[in-house]
Amino acid sequence: MVKPKILAFAGSTRTDSFNKKLIKIASIGAREADADVTIIDLRDFQMPIYDGDLEIKDGLPSSARKLKDIMLAHHGLLISSPEYNSSISGVLKNTIDWVSRQSDGELPLACFKDKVAGLMSASPGGLGGLRGLVHVRAILENIGVMVIPNQVAISKAHEAFNLDGTMKDQKQEQQVKKIGTDLAQMLLKVNS
Amino acid sequence: MVKPKILAFAGSTRTDSFNKKLIKIASIGAREADADVTIIDLRDFQMPIYDGDLEIKDGLPSSARKLKDIMLAHHGLLISSPEYNSSISGVLKNTIDWVSRQSDGELPLACFKDKVAGLMSASPGGLGGLRGLVHVRAILENIGVMVIPNQVAISKAHEAFNLDGTMKDQKQEQQVKKIGTDLAQMLLKVNS
Amino acid sequence: MVKPKILAFAGSTRTDSFNKKLIKIASIGAREADADVTIIDLRDFQMPIYDGDLEIKDGLPSSARKLKDIMLAHHGLLISSPEYNSSISGVLKNTIDWVSRQSDGELPLACFKDKVAGLMSASPGGLGGLRGLVHVRAILENIGVMVIPNQVAISKAHEAFNLDGTMKDQKQEQQVKKIGTDLAQMLLKVNS
Amino acid sequence: MVKPKILAFAGSTRTDSFNKKLIKIASIGAREADADVTIIDLRDFQMPIYDGDLEIKDGLPSSARKLKDIMLAHHGLLISSPEYNSSISGVLKNTIDWVSRQSDGELPLACFKDKVAGLMSASPGGLGGLRGLVHVRAILENIGVMVIPNQVAISKAHEAFNLDGTMKDQKQEQQVKKIGTDLAQMLLKVNS
């Protein structure tokens, strides 16, 4: 049995990002289900905005190369994505676009191959980022990632968290943890 | 009767972008229908990747402020969007995210208010960027833009153009021009 | 100036359908904006489930032929669509599929040509049918209908209405009426 | 180890349906991967179009009850869906809507619980039904089905098959078989 290794990150870079908070909570659930979880911050993997000329001139940015290697060393992705204008955030899309590029003799999309993902979102609005998740889910599946159906969208996110990062609503917190647990359990099965 | 003013740009910044070529062709159609067309290159409006902390610290980037003002001075948007990983390009999404932010006492989304848009795409693949347009269309409509139903997706874009920027297939070229014409004619009606 | 003629119907057939109630309210808004509104009930246009063999054998069902003629005599569509399993209802989809078929020397999709539509939805859930509208909107646009961006999704619909069919929340009622008004005004412009 | 049991059907009922042909081919792939496959024809499970009043009056149609029981006895779904007006077919949507209803003390969506699905489509057009699959995939995932990312859309379907039901393009036939194989292998893992 292979212990599942999960890479977890938010699709926003703001220091107090609600989605970073969700990632911490869901990671607890994943660890309780016996997965190793690596939490990263996309702020530590800054990339220029993708431009084909830039790629030809300089190749992949070093941060994209580094993130690709980290992804290759994990089985699953735990992503909490904010909703910007009813869709994926620019930073998450741009990151996906860079790491999806072929480099160093790898196949394109190598770092997404056989990955399983769990999704969640948080937003101050009433829909919790649900429309953004529709696009994030479609993008991941189109590049070969299997996304577990269970997902959580936390509405009114500015009122949802305690100062210590826990959630005010215990039931909601369990739902978020469950995304991590479900992902870990699916990985246990898929990689067995 | 108000002469329609259309802002036209590609969702990619590469110098030889297929989508930049489409923008030129569709603009001819719009001008033939008596619209003023301003073609811009998003490379001239470089913005950092959106980050909430950065916005609080520095406000809108000057290029976003400038683009917002240009958008406010036009009635319609003519957009040719590449498809990156089955969705919108990072540069187009990031641009939309910045200009959609409230600033200087304006309402949020002010620069999208009452806009009408025409869409097209080009990609080397067999679907021509069609899946990307699904997301671009949904995003624009969710922020209040009316998108004309007629759209064009040019597949095998690397084989579609002559060296002078015209298209090898005359019928396809007419379809692209028609996006510009249809947009201009709709604006004539909507703003009358 | 052509007086706009709007065909209005719900995407559900249940007698006490929340969506039928919305149609009545939005129709008031359309009439206030000087449109003629014809409200129909899809229960009066029953069709078998589409099957290609059936079409070859019997042609269009008479109810589909009748509905097509009614659509051809109107400029706009006002549709309130329930959400079944996060998408369009079977009855609405089946109706669209039948009337979209070519018949009697008409072009396919003739009854959708140059149509403008306004959308709304109601559901007992917390999202008000919003995910269903995403599919309804995409379907209509793909068959050439221009859909106005403004839309309304009424959540907790079982608690939203008074016995006389008015809405408990005056502001919400105004939003629903506004779909009708916006559609009528757009038609006035588009058909001028 | 549990031998995977897969229920396979097309989303169209026409006798010579391209999607029925795909189901047969993909089923070979699933059987080669050691799954039991039950192929059914939705024509044998005719249901009235869903109507809430009808449900209250008569409950589930007997064909829906029967299909539900068959689904409960299988682990996976292999679905080939035609594209009607860029979306799911009415017959497939209506079938999903009926079987998703609660009945006989079961939880709602019981027959979709823990299901894994593989998707394909065929259409005479150039996109092969790809846009329809976007909606089918979203619907299934929203009701809790895990859909494998790999999918196949056969364009120009009227030219794709030999008289004996095999495909003219061997590579394409392998891709279709692989949907069955991938589904069977995923079920082997998930149910182990």
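We just call them A, B, C and D in the order they show up, numbering each chain from 1.
Quick note on the criterion: a residue touches a chain if its C-beta (ideal position, glycine included) is under 8 Å from a C-beta of that chain, and two chains touch if they have at least 3 such contacts.
Keep in mind the model is a prediction, meaning the values are calculated, not measured.
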item	value
Centroid comparison with subunit B (C-alpha atoms), farthest chain	D
Which of B-D and B-C has more C-beta pairs touching across its chains	B-C
Chain centre separation in whole Å, for subunit C relative to subunit B (CA means)	29
Averaged-CA centre spacing for the pair subunit D and subunit B, given as whole angstrom	38
Overlap residues in subunit B, where contacts from two or more other chains coincide	131, 134, 138, 142-143
Residue ranges of subunit A in contact with subunit D within the complex	134, 137-138, 140-150, 186, 189-190, 192
Parts of subunit B lying in touch with subunit A, wherever the complex brings them together	12-15, 17, 43, 46, 49-53, 84-91, 93-94, 96-97, 100, 131, 135, 138-139, 142-143
Residue ranges of subunit D in contact with subunit B within the complex	127, 130-131, 134
